[in-house]
Structure formats: C-alpha cells, structure tokens
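Just dropping this structure here.
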Amino acid sequence: MSTTGDIRKDTGRSVFGWIKSRFPTVPYADLTRVVLETDQRQLPRSHAEKYELKTIWYWYPLYCLGGIAFIAFIVLTITGILLGFFYVPDGRLEINASGDLTNPAWRSMLIIMNDIPFGFIIRGMHHWAAHIMIAAVFLHMCRVYFTGAYKKPRELNWLLGVVLLLLTLAFGYSGYLLPANNLSEGAANIGINMSRASPVIGDVLARLLFGDINTLSGVYILRFYWLHVFILPLIVTGLIVLHMGLVWLQGVAEPH
Amino acid sequence: MEIERVKEKIMEGRPGFPRQYGPQRVDHQPGIPLFPQEATRDFVTIFLLTAIMFFLSAFVTPFLGPARSPQLSELIVPDWYLLFSWGLLKVADIFPQFVLGKGTPLEANFNAAFWGDLLSGIPVIALLILPFLDRGRETRPAKAPIRSAVGLVGIASIFTSSLYSIREVVAQRWVSPNGAALIPDGTMKWFFIIPPALVGLTSYIALRRLAFMPMRRWLLPYVAGLTLLMAVQIAWIFITPGGLGAEAWPFVLPIGIALFILFAPMVVTTFVLFKQPDTVVRKVSTWAGGLGLVGFIAFTIVLPVVAGRAALGWVLSVLWPNMNTLVFFPLFGVLTAWLGTRRPYSTYEYLLNECYQCGKCHTVCPVTKVEDDALGGLNLVYNSFKKQHDGVPLWTCLACDACSAVCPLDIQYSDYILEERAKVHARMAADGGRKE
Amino acid sequence: MMDTEYGPGRTIPHPVMFRVLDSEADDLTVPEIKVEHKSEYAYYPGCVDYYDVEMQFSHMNYGDTNHGIIFDSSVKLLRAVGIQPMILDRSFMKCCGHDQLWQGKIDVFERMREYNTKIIKMLGVKTFITSCAEGYRTFKLDYKLEGVRVVHITQFLYERGLRIPPQPGTAKRVRVAFQDPCRSGRQMPLEPVYEEPRELIKRVDNADLVELKTFRADAQCCGVAQMMYCNDKTKGLTRKRMDEAVEVEADYLLTACPKCLTHFGCLHHEDKWRPGEERYPYKVMDITQFLAERLPGEYPTGSNIDAKRKEPPLPGRRG
C-alpha cells in the first residue's frame, strides 16, 4: 500500500477514512488544523493595557475571584459525582443491632469516610471546595460592588450574580443537610420553622421544600438530595454559563 | 537557536516601556498569547487552588458526628455563611408579635420567625435594587465615598449579625466572676447598629480625605459627640445606683484605670481637634491611639499578675457590657481623627486619575506644535502623567493651562507641573546639592 | 550663543538675571518704610525695570520694547480715575516670585512671599493693583492675602469708569488686537480678566477691537512662560501668535502682561534683522501704555521715553 504522506489523501484507507466516508467531517477536520495554529494567537488587550494607562494595581488580583468560584464549582461537580456513587438519600430512622439510632444516609457517609479508598479525601475536597466557592462568590460580589461594575450596562449581570449567590447559599445549605447528622437535623428544623412562619402559605411551603412539616420522617433528606444533585446543578450551570457569557460579550469592567 | 533569535523572541517582542510617542506609534504590543503564556498562568492558579483543597482535605477532615436524633440537645451552629440570617432570626424577638385574622383560613401569625424571615429578605432586596438605585457614572471606589461606606456598613452588619447568631456560645464561654454573661444579650443586640454605623462614618471620612478635602466639619461633631456619649456612659455607670454592682466596688481602682486608659485618648484627640492644624492632630491621635491600645493590652496582662484573675474579671464585667460605647467609641474615634487629618500621598495623582484619556489636552497644547520628538508631537500631558518622561516634557511645559482650559474633567494640569517641578528641586537639595 | 536665522538666539534663560532675582530671597529684613501719603490702594509694578535691563540695555538685545513705561502709564491712568496709590516699587518690595515658583524653587518663592506679605500687611493695603497678569495670579492665588483685594489694573480702571476723551479728528482708525495672558485668563477661572481690557479698548473711539484667531480662554500662550526656555521652539510659538495678529491685520498688538510684551517685543525686533521683510508691521505695546498715550496730560512720574530718540536703533548694530 503506497502512502503519499498527505493525510487528506491517505485517509481513504484508514480509520479516519471509514468515518470520513460516512459523516461530514470536512471542513470540521480542517478546523482542528487551524486550532493547532493558535500558538501565536493573542488575547485581546484590556483598555488599560492598550493605552498603557496608570492603573491602581492592587485591584487586579481580586479579579480572579470569579474564576476561583468557577474552578471550585468544577471541583464540586467532579467530587459530587464521585460521592453520588456511594451516598444513599434515605433519612428514615432505624435502630441498628447494638441499639443505636442510625439511618441509611448516615451509614453511607460512614462507608464513604472509612471504607471507600480515598473516600475521606473526596468528601474533604467536596466540603472545602464548597466553602471556598461560597467565600469566593461573596468576595467576588464585594469586588464588583466596590469597583462599581454593576452599573450600566451590566445591571443584568449583577442580578444574575445575586441570584447565583442565593443559589450557591442554597447549594451549601442543602449540602450540609444531607449527611443526616445532628447538624442536618438542627438546620432542617430551623429551615422548616422559617418556612412555616410565612403567613397563610407557611405549611404548604414547608411541605414543598422539606417534604414534611417536621423532621421526624426524614423525608427532607430525599427532597434536598434531589435539589442538591439535580435541580440546582442544572439551574446553576445554566446561569453560570449565562453569567460568564455576558462578561464575554460586554467585557470585564476594569478598575481604573 | 542562536542567541540572536532567542533574544528576538524573548526580549524585543515583549510589552514594556514604550519607546515611541505620538499617534504614529508602531510598536504596539498585540497582547499576550493564549498558549503558552495565558494557559500556563491559568494552569498554575488552578493547580494552586486544587493543591490547597487537597491539603485541607488531608489535614482538616470535615466533621460527621453521630446520626441525627430528633431530641437533639446540643447547640448546633450552622455553617458560617448562613449565620447572618440566623442572627437576624434571633434578633427578631424585639419586634412586636401579634396574630391577624385568628380563626379564619387567612390566619397570619406575625411571630418572631416571621419577622426574622422578613429581615433576612432585606439584604437580598437591597442587593437586587442596587444597580437601579445607584446610576452614577463613577466607578472608582475611592471617588465614590458613599457607595464604599455603605458597602463597608453592609459587610460590618453581616459580621455582627453572624456574631449575634452565636450569642449562646459567647454567653457560655465568657462569664464574669458573678456568673453573668460578660457580653449580655442587650449589648450584642446593639452590635447590629453601633459598629456598622461607626464603620460607615469612619470610612466615609477617610475616603473623602483622600481628595485632600478638609474634613474638620465632619470630624469635630463626630469625635466630640463620641467623647460626650462616652463621658455620659461612664458617669451613668458610677452615678446610677446599681450601675456598679456592690461586688465590683472593691475593684473600683483598676476599673477607674481601665476607663482612664480608654477615655483619655478620646479627650485629648477632641481637644486638639478644636484648634490645632491637621499635622498636630495627626501626631497627637497617632500617639494617643498607640498609647491607648498598648496601654490597654498591657493593663489586661499586668492586672491579673498584680491583683489576681478575679480583678480582671470584675473590670471586664463593667467594660464588656458597655462595649459599644466604652471600647468601640474610642477605637473608632481616634482612628477617624487620624484618618481624617492625614496627608494623602500624592494628592495630584489621585486627582489625575480622573483622566479618561480623551486627548483634548494633547491637541491643544502649543508646545506639541513646535517641539518634535520621535514621531512628531511631544506628548507632554500623557508622558508626564504616566511618569514616562525623561524630564523633557516636565520642563518644556509652558504652564499656560491651555490643556486645563479644555479638559472635560477640569483637571488642572499646571498644578501637577508645579508639584513635580518642586519635587525635583527638593530632591536636588536632598541629594546633597545646594538648595537652589 | 547660537545663531538663529533671526539673529543671535539664546537657548537658556539669562542666568544672571535670575540669579539676581533669586538672591533677593537671601535677605529678609523688613526695612523702615516712610510713606508720604497713606492710601488703601497700592500699585505694584513688578519687575518691569529688570526686563528693560534685559531688553533695552543689554548687549544681547535691544530695541524699542519699553517696559518701564508700563509703570508710568499705570500711575497716570490711576491718577486719571482719581486714585493716588501707594507705589510698592522695587526699592523695598521683592520680586513676586512667580517664576521661581513655576521653576520649582519653592523655598525661594516662600521666602519672597513671606517678605512681601509682611510689607503689604504693614502698610495696611486694602486694594492691591498690579499691571502684570503673572503678578495678578500670584498675588491672588499663591499668596494668601486675607482682607486684601487683588485686582488687575484693567479691572480696576474699568470699575472706576475710566474715560478716554475723543481723539483728535486727524487720528485714523486703528485695528487693535488684544492678547489674553494665560495667567489672568485661563488660570483664574473664578475671576478672569477678559472683558475689562476689551471694554477699555473700545472706549478709545478710533480703535477697532479685532479678535485674534484664538482668544479669551483659548488664547494661545505667547510662547515663553516663567522664563523657562528661550529657544527656537518657544520663538516658534511666539511667531505663531504674532502671525495671528498679522492675519487680522492689526495695527497694534496689546497685552496685559509685561512678560508677553517681552516676548513679543523680542521677536518683533529680531525680525528687523532682515530689513525689507517687515513681517510684523504693527506695534507691540502694553495696554496701559496704549491708554495712557491717549489720555491728555503728562506722565506724573515722568516717562522713560527718550524724547531725543525718535526711532529705534538701526539693525545691524551688534552690541
């Protein structure tokens, strides 16, 4: 079999040729060649860089906080997926063989921490990434506030950011409700009482969010599991993409 | 590669000090490449972050504890980020509580939990309407003192609210010799208002001072007012019956000393604020504040050694319940006096940062029409402003103020020239040269 | 000294003159001043005589630029509006310090300021009149003279309603252009001197006020300020400004600052190196001289115009 050395001509006889004869690969394949040539591509210069302006340098490192929140979110997603293989969202009370009060969710936590290889590290990463993400989101909001980057034309992005802050707090709250220990119990109680305090719709709201008007049945574990693992990730991922996309469209508000 | 090619790749193409002036510049640096420079930078940051997380996971394991039990008796503390809401919930018992429409299907119970919910919603509403409230054009934080002060008030409020949420922990940890909580509930409730207000006023005054404005009109009522309130508080402690408990009377001397250490700096600072110029006030407040702080810390260390632990406990039992007035007022009062009278570094650089590089000054400058430089047109304004000049622009300027006359932001450029030229001469004298 | 195409040119400000002026700051003892008649008005002529030393009697330049006449004209004008001001001349006052301030010699300036302020306070001056725009700015902004109103002479004369009597019918109409000094215009945003000189010019009935291409706040600088440089570049600016006067076909170019007069006069005369190329056919003088010439009567303080010298010296004489 003679080969000419040109990948385009040779592919007829190869794996790529098999694909190429069935799917419209060209010009998409060609694009990869172009992408490889991004070696010398430049990021656009910021306003201050372009005009070599005198800047107040100490604001600039704070602009990485949004990125840190995003990286923490990625870490949370990955460690969350790993934890999800082992966590059992059942909070119903049981008595075990030696007479202690326990529940399946808590037992799965014990297995993660003690039996799964590196389980404690994964749980630790998830825990710390959560705290880092919430701190980064809050500090990012402070930075945007103090540098006035919420002003026209970025009001929509600010509103998105506030919603993201609230959803991040909801993520955190739903997260530490899941291990079904006493902290979860206390926090769930507070949450249920706060929901029930709404006039007229209080009990309905508590049942909607927590599944029951008190923590006895343990149903809140399952409900918050679904919120934490499916509903919130979907919404938050979409909003994060929108938030970062708006920044990409409008440009970063520089601090000078 | 030969050294020349290496130098070319690394040295010449780098963004750096521009060597060309004027509109016909050709050495524009097109930016930093995505790969490998930008990608490497991002990778290092992400790596560092992940490494920190790994380190924390390995050495600080998150808590699990026993399984949930419905009759929980221990005090649980939610994660730090929700404490502010819990604090607002707990403080809501100061609101009136009533029931509307009792017995009807629309029965609404306005209890403490309800008020707590409402209070928790206030920061959210405030954040959401912020861009529609503040529509001004100014983005620089130092030039928007109200916005920055309000922001700092918000952060302080969140902090004190979170502190209030763990009031039981604080009350259990710190007790006075007679068993009462050292920081009682009433004092902690005042934390919601007083420290944030102090933070706001102090930061406002400090930021306005950056523009080198005379802040005496603000400082005087503020500091004098705080001193007065402090004096009233101290008098209240001693004069009202039961103000100073019978058990605390034997320790009246150390209490008096502690109060003196806290009160004297305020009095001294207020006194100099009335007549003395800013430099004197600054020096006095630095000394007063420093001595007061050091003195108080030394007092808390020395007193137990000299008079026993109980003495310190009794002194603190008088001070800490009135922490808002006796501790925060002197702290913020002296600090504000210092911040409000200091001389910002280069006033003019602060003002020059208004410039948004419209170029009108350059167009109208008469010197640019006759002086050449590399590419036609010596850019006096720009290069002096950015300190990228070799002295020629600074001394060639005629100070005719044509630039200032045309500046849309009314920047007085000739004031800058004056300041810079004076600095040069001062430097010459300082270098051992003769004073001109 | 280098030769420019316009004659001997200098590239640095004359060092001797500035050393002399700076040395005034060395001795700060306030002398005994005997005042003939005290008045709440004081007139400060500034260093007009020093510039005459430079321009008229120095071997480096010569010509008909006359600064001293500003002093005489101002006093004549002030007498004409009924004021007998105290004359704060250089026998006991020091240089106002404007050039030193702008050259960065702050401590020299501060010493001069201290001295001058003491004297002004000592004499109980209420209105301080100056015929120099740089002096106007310096005394108004850079000196903190409390209780003293600093005013430029054109402002003062306008307020006092100076009237120029009708000129003899033989006088032809002249086109008069006015150079707004940067120090009294742009640099004094709160009290600029734009209208008053123009009003005074209009009161001369055979004078037509014409505006240069850039005027009032846009007026182009005369080319040299605070005597920082004197080289072909700064002369280029002066030339640009004087060309504007040629464009509007002015017969007189008036200014309200002796410094502007210095620079215009220097170039005006240098230009006469090339006889036949009368580039600047107009006369350059200070506004006070212009107005005083049109007032009847003698100069109360005498004048320094040599009656015997009808014309300026011929070009070609090298000092």
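Per-chain residue numbering starts at 1, and chain names A, B and C are given in the order in which the chains are listed.
In this text, contacts are C-beta pairs under 8 Å (C-beta built on N, C-alpha and C of every residue); 3 or more make two chains touch, one makes a residue touch a chain.
Keep in mind that what you see is a predicted model, and the values were worked out from it rather than measured.
S.K.: Viewed as a graph of touching chains, is the assembly arranged as a line, ring, star, complete set, or other?
M.R.: Here the contact pattern is a line, an open path with two ends.
S.K.: By C-alpha centroid distance to the whole-protein centroid, which chain wins?
M.R.: The chain sitting closest to the overall C-alpha centre is B.
S.K.: Farthest chain from subunit C, comparing Cα centres?
M.R.: Relative to subunit C, the chain with the farthest C-alpha centre is A.
S.K.: Averaging over Cα atoms per chain, report the distance between subunit B and subunit C in Å.
M.R.: 52
S.K.: CA centre of subunit A versus CA centre of subunit C: separation in Å?
M.R.: Their C-alpha centroids are separated by 74 Å.
S.K.: Could you tell me the distance, in whole angstrom, between the mean C-alpha positions of subunit A and subunit B?
M.R.: 31
S.K.: Indicate the residues of subunit C shared as contacts by at least two other chains.
M.R.: In subunit C, nothing touches at least two other chains.
S.K.: Pull out every residue in subunit A that's touching 2 or more other chains.
M.R.: none
S.K.: Mind listing the subunit C positions that touch subunit B in their complex?
M.R.: Answer in residue numbers: 22, 101-108, 182, 186-187, 217-218, 220-221, 223-226, 228-229, 233-234, 236-237, 240.
S.K.: Along subunit A, where are the residues that touch subunit B in the complex?
M.R.: Subunit A residues touching subunit B: 38-45, 49, 51-54, 56, 64, 67-68, 71-72, 75, 91, 93, 100-103, 106-107, 109-110, 113, 120-121, 123-125, 127-129, 131-132, 134-135, 138, 141-142, 145-152, 154-155, 158-159, 162, 165-166, 169, 172-173, 176, 179-187, 190, 193-194, 196-200, 215-216, 218, 253, 255-256.
S.K.: What part of subunit B is in contact with subunit A in the complex they form?
M.R.: Contacts found on subunit B: 15, 18, 29-35, 38, 42, 45-46, 49-50, 52-54, 56-58, 60-70, 72, 74, 76, 78-79, 81-82, 86, 89, 100, 106-111, 113-114, 116-117, 124, 127-128, 130-132, 134-141, 144, 147-148, 151, 155, 349, 352-353, 357, 385-388.
S.K.: Write out the stretch or stretches of subunit B touching subunit C in their complex.
M.R.: 364, 366-367, 369-371, 395-396, 398-402, 404-406, 414, 417-418, 420-426, 435-436
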